[in-house]
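Structures for review follow.
Two complexes follow with subunit A in common, the first pairing it with subunit B and the second with subunit C.
Presenting the complex of A and B:
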């Protein structure tokens, strides 16, 4: 199919899709006037039922925890797919040498590794209280480690993220999530039921399994992002 | 201007789709896909917004004040995670294609096939 035929086809089908899209949008509630009961009920009862102040975290790791299990496995499968695709095709040849020449970049970059990792861990740990959680904090923590490469040398980054350890963290994070669900089955409840003591509202350990699953997700996401950067950097350096 | 967030979502979706259809480079195509996906974030968050309400975080705030819808926010979180992982998987495939055929232009690739 030539480029022009393709564009003409897209003009027709795109216009139809746009009309349907706009028609669909007109059926939505007016902006700011959403009255969905589910969300409002959760906003009201989460504090009492789960001792958690971040309602989004309670939905992700408890009320809709089963959906997040699927999300974790999508993440896991995609990262494994990347590793398989890239590791397969890569030869073990000489590596390029990379040197950051600007002292300023090196100094600022290396000095921010610690604070960035700290902010990441803080965001993971406070997921049950304030905005944040395992997914967001995991990305922040991993980006602190990637800074090692941007500011220092690739070798330093490789040392900080040893292959075997990151692989191990990746499947431990995904496995721990599933294991918490199975623990509920063993205790005689439904899969992923919140069976642990709920703790005191406002503390880091509040929320029972929400806090545990949050940490598991944090571990998995950190490992996943480090692993992704690792695989793509290996590609760049070989 | 209460329709503006919805118009923005529609605009992002179709400008991204146009990019995907007319793309001449596979990495550019992945970026266009990212633009399309960001329209879903805007749409979800726009649907859940309630005028005058704040984020669904009740640390030091009574749940009686209410907040914007937390369910669509959780959905958006999932959406972001999935779009990042699929983008990385597609980019890995793109590297593979580059190694095999030395081109990333979809039209060139089709010529090579035939």
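Presenting the complex of A and C:
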């Protein structure tokens, strides 16, 4: 295709796309003008019904808790799949040596490990109070550990996250979520009904099973991301 | 729209352009990280802290990690 034809093609499709964008923008509701009735109801009643201030956590781990069970197991299955595929293809070979040459990168990177892990744990723990929760905090916690590899040595990362411990955390986190649901069945309610005492609004333990499921998700996501990085880095280092 | 929102939209637009214009793959990953940082600020400014947290996870942790390990693998691993 010649340069002119390509330019003409780009001009046509670019103009169409721009027109579609502008058309779409003019149809947007005003800023803050939310039309979803279900969301507005939840916004009103969640505080009294579930004693949590983060409505998103109440939706994710209670009102729509069953969807999140599915999401947890999607992540679980995906990580298992990666581990299965990559471990199969790997031979036992000489390890490469990874040395971070820049002192500055090493110092700043390793100094960030503690704070990043702390922010991650904070985000998990405060899931019922403020934005965030098990999913986002879990990845942040895991990324703090991955910094050990990025700014330090692969061996330091492996030593900080022993395989047996991470595997254990992975299935405990996923299993705990399902078990909380089954506990509700045993208590005579529907699956994943919030059967635990709701606690005092504004505390870390508020929300009953919301707080428990949030912690389970945090554990499972942290372990899943650490395991995923294990597999990718093992692939890279061997 | 408040001025801060206009400024962040502008920064995100510039960041997106910068990602496309950088030709070296490793540098592109770094610029992509800064572009993601712009998006995070944008979501915060538009009062969507949950989306901002998810964006931190995607653009500053997961995506650069996958890209950098893939690039390192293609080049034969760290020497």
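Keep this in mind: the second predicted complex is superposed on the first by the 204 of 238 C-alpha atoms of A that agree within 3 Å, B and C clash if a C-alpha of one lies under 4 Å from a C-alpha of the other, contacts with A are read in each partner's own complex, and residues count from 1 in each chain.
Just so it is clear, contacts are C-beta pairs under 8 Å (C-beta built on N, C-alpha and C of every residue); 3 or more make two chains touch, one makes a residue touch a chain.
Everything numeric here is computed off the predicted structure, so don't read it as measured data.
Look at A:56: by the touch rule set out above, it reaches both subunit B and subunit C.
Within the superposed three-chain arrangement, the count of touched residues of subunit A is higher for B, of the candidates subunit B and subunit C.
In the superposition on chain A, contact is made by A:123 with subunit C only, not with subunit B.
Of the two partner chains, subunit C is the only one touched by A:146; subunit B is not. Of the two partner chains, subunit B is the only one that A:231 touches; subunit C does not reach it. Looking at the shared chain after the overlay, A:39 reaches subunit B, while subunit C stays out of its contact range. Judged by the touch definition given at the top, the superposed model places A:29 against subunit B, while subunit C stays out of reach.
After overlaying the two complexes on the shared chain, residue contacts for A:131 are found with subunit B and with subunit C alike. Contacts of A:7 after superposition: subunit B is touched, whereas subunit C is not reached.
Common to the subunit B and subunit C interfaces on subunit A are residues 31, 56, 131, 135-136, 232, 235.
Residues of subunit A touching subunit C in their complex: 31, 56, 96, 98, 123, 131-132, 135-136, 139-140, 142-143, 146, 225, 229, 232-233, 235-237.
The touching residues of subunit A, counted against subunit B in their complex, run 3, 6-7, 10, 14, 17-18, 21-22, 25, 28-34, 36, 38-40, 42-47, 53-56, 59-60, 64, 67-68, 71, 74-75, 78-79, 81-82, 85-86, 89, 129-131, 135-136, 202, 221, 224, 228, 231-232, 235. Those residues of subunit C lying in contact with subunit A across their complex are 1, 49-50, 52-54, 56-57, 60-62, 65-66, 69, 72-73, 77-79. Per the touch definition, subunit B reaches subunit A in the complex via residues 2-6, 9-10, 13-14, 17-18, 21-22, 46-52, 55-59, 63-64, 66-74, 77-78, 80-82, 85-86, 88-89, 91-93, 95-96, 99, 107.
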